[in-house]
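Input: structures, listed below.
Here chain A shows up in two complexes: once beside chain B, once beside chain C.
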Partner chain A sequence: MANYYDIDDILAEEEMVPAIFQESAYGVGLLESSDDTNMVEAGSKAELPFWLSCDLHGRGVISIDLPPWFRRDSRTRKEIGADAAHVDLRSRCQYFYELGLKIAPLVGDKTIGPFLLVAFQTRYKEVLVKAHTATPAVAPKYLTLLTNEEAKLYEVGQSSTAAFKKWRMGGPRLQKASILGRKRKPIK
Partner chain B sequence: MDGQSDPQASTFSAAELEFVAEDEMIEIVPNMRMDPLDLICGKFGPFMPQIVTQVPIWLAIALKKRGKCTIRPPEWIAVEKLTQVLEAERDSEKFQPLPFHYVEISRLLFDIASDDIPDIYMVRSLIEDIKDVRFHKIGAGLEIISKERTYALRLKNLSAMEANIVRPFVTRALQTFYKLSSPEMIQDSGSVSDRQPQTTDRGPRLAVADAIGYPLEQTEAAYCSSAYVGLILRPTNTVSHHNKFWKAEYISVVYLKS
Partner chain C sequence: MVFFAFETLKFASGCCLVAFSFRSSIIIGTSEGFKLIGFCHFCLHGFYGPQSDLFAQVIEECNSHILHLGSLIRKSEELKKTEELRKTNNQELDETEKKELRAYSSGALVHHFSLLRNKRCLMAYVYHRAEIIRNLVWTIGRVLPEEIEEKISSAEKDYFKKHAATLQSYMSELDDLDLAVDMVPPKDPYIKVRVLEDIGNVVLSDHSANLARHAIVFLRRTDAELYIAQGSMEEITS
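Presenting the complex of A and B:
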């Protein structure tokens, strides 16, 4: 509940998280639509949005499983260990860091924190270089790899550099209103 | 905290910085006779032909545009001086002292008073070079953030424009790093040893990444002894009465996260 009105915080909680039901639940068949019974049996797995699973976890109804990209020995972890800067995190989880921060205390996995930090440290350098040097033409390809947080960072860097360049290139200091200096239409 | 979490909120536009820079003083040589101007920001003049006098840049520009004076370029806009600065800038890690508004002032003078600056082409390209070298250094300096646990960043002799360009990026990056390296997330865990060496054992102590190797002075260190996220910039060679204003502005970027 870091920031109640922060839209990114809200969206981050929409991310799906795998969960295992500890108890049977009636009337929630839509969560796991395998049959028509409209119930979920104990021990079955379902994907729930984080905000829901967080609450249910608190009541002891479900236990939260880690999404694949946070698991130990997962491919994502190995890839990040190898070359974090070029891992496509966006396709895995747009709110990689936010979700990681939220889920780690629930699951009690202490390796997630350092893992997130290392990932961001390595990727930060790449964002830093690209944001202040890359031309906008190159950007779209690179942007598809970034998570939401990184993309925003990239954009603020890019936009302030662009604004400076625009100012330096100059042009007229006083902008002329479009209505001025228009030629009078010839009267027919 | 809420108001400042938006990095855009603490940014000036380049044109605004230029406006502020116009309050710096500059020497002019009038070619007309006029009584002193008694303005809110001070008394300027009297204006006598061929007698040098000090006025703010905005006034100098206004007079210059009317053909009432010639502008005396400041000392630092001289080929020898700039060449020296450029050399030093290339050789050393540190930023060379230049006027706080050197980017803005040089552009204003190039635009308005290009006939008053000797060797204008040389000067122009030298300033461009200096700026490029310094930007490159800033980039290198910002990489430090990722290596150490950083809550504040101090770049000595950084100019207004340079600081303004990196500010949104830096504050945002520091914010994210702060979130990710909060003590709850980074606890002592034995199983991280297979990763890169961590800075996990540092605790909440203040660690300052200093791009040029100056430790924070006592006062500033005390100021950010609890966990701050932000960018401390202290213009050291500003002469105008805006000095305090700038200090206040920059330190306000540093905000408390207790």
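Presenting the complex of A and C:
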């Protein structure tokens, strides 16, 4: 269980999940419906945030469905199978992996886990390469494809490259102070 | 970019989650707390003033959830009483009544989970602000700069003062060891700094100096660190 105060976890649970009401419920209303009955009929469909649908699903009030990008023969799955690194996941779900992890045990779809793993592995490689080599002019365009988790990894990769450069440039200055340093090759 | 992300968050919560209080019903998925978290997300990057308006709105929303929850529970309890009454007469609730009972409890569940959710959002918001404030004590010392002071509430100011005092008393227990200084051992105890703001005459650990703007001085590293952290000096390396 993630940290109770973790903001990313809170935001990840805000992602919408399609659901169908198995029971009717009084005292609540759906935004799309135009009637004033102050209740939700059994069988009505709605998009609910994950934090609500998870618990209601556990009590049998609703049954949840997978968001389109996790479904078995969805376009996203095919795209990731073809070239995972260049799929725009950000516009689909900013918390793609987190939501996938949370939703997989609820719907009992065993293919989601391996699917996420493959997607992450191929994409992570690309993120790392881009983070270490991309020029600042290219970076913003690439960042629009990444989920939040990946964008964080990208930034960490970039800051480590920056730290390495700083260390390398600062190197000769520190080495001059010691006698041994002069014997070493100056690093350009 | 950070600001942009925050704006989209705010937009997302603003457009699809609307409370219909005149209809005396709560739209499923309404959570003002989410907006607050959007703000909180933003706070982490640039310290932002307390969103007391939004905070009050979340509390208000919680109150309306409690009202709904109460009335739903009352209604379902009435039904349960009828059920028990019928049982003594060897009768049962008919189908529609059973359905109603379930509908009341599932409606109550929605409000219950919304309350828990709002609680989590509020707690996380306060917690993260407190964390930022605790870090301030370590990085900029015991005096808050004006631009931060105007952004925090009086309770948070109090928390800052108390945390600073606790840290101070702990450090004095350790023979006045300053734990907030840079952890990397210095090559030289003195560093060259440029003064960026008029600080005036100050007493430093080894001498007193007049720190006028644009002056370039040699100071003990430990003396300079706090001023550098506060942005009134910069280190000169050449």
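The working rule: the second predicted complex is superposed on the first by the 161 of 188 C-alpha atoms of A that agree within 3 Å, B and C clash if a C-alpha of one lies under 4 Å from a C-alpha of the other, contacts with A are read in each partner's own complex, and residues count from 1 in each chain.
In the analysis below, a residue touches a chain if its C-beta (ideal position, glycine included) is under 8 Å from a C-beta of that chain, and two chains touch if they have at least 3 such contacts.
These numbers were taken from a predicted model, which means no experiment stands behind them.
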| item | value |
| --- | --- |
| Contacts of A:K152 with chain B and chain C, given as first, second, both or neither | first |
| First, second, both or neither for A:L128, with chain B first and chain C second | first |
| Chain B versus chain C as contact partner of A:L56, first or second or both or neither | second |
| Partner chain in contact with A:F115 - chain B first, chain C second, else both or neither | first |
| Chain B and chain C footprints on chain A, overlapping residues | 173 |
| Chain B to chain A touching residues, read off their complex | 2, 5, 7-8, 11, 13-15, 18, 107, 111, 135, 139, 142-143, 145-147, 161, 164-169, 172-173, 176-177, 179-181, 184-187, 189, 191-192, 195-196, 198, 200 |
| Chain C residues within the chain A interface of the complex | 1, 9, 16-18, 20, 23-29, 31, 34, 37, 40-41, 44, 68, 71-72, 75, 99-100, 102-104, 106-111, 113-114, 117, 120-121, 123-124, 127-128, 187, 237 |
| Complex contact set, residues of chain A against chain B | 3, 81, 97, 101, 104-105, 110-118, 120-122, 124-125, 128-129, 131-133, 149, 152-153, 156-157, 159-161, 163-164, 166-168, 170, 173 |
| Chain A - residues contacting chain C, complex | 4-7, 10-11, 14, 16, 23-31, 36, 38-40, 46-49, 51-52, 55-56, 59, 61, 140, 143, 173-174, 177 |
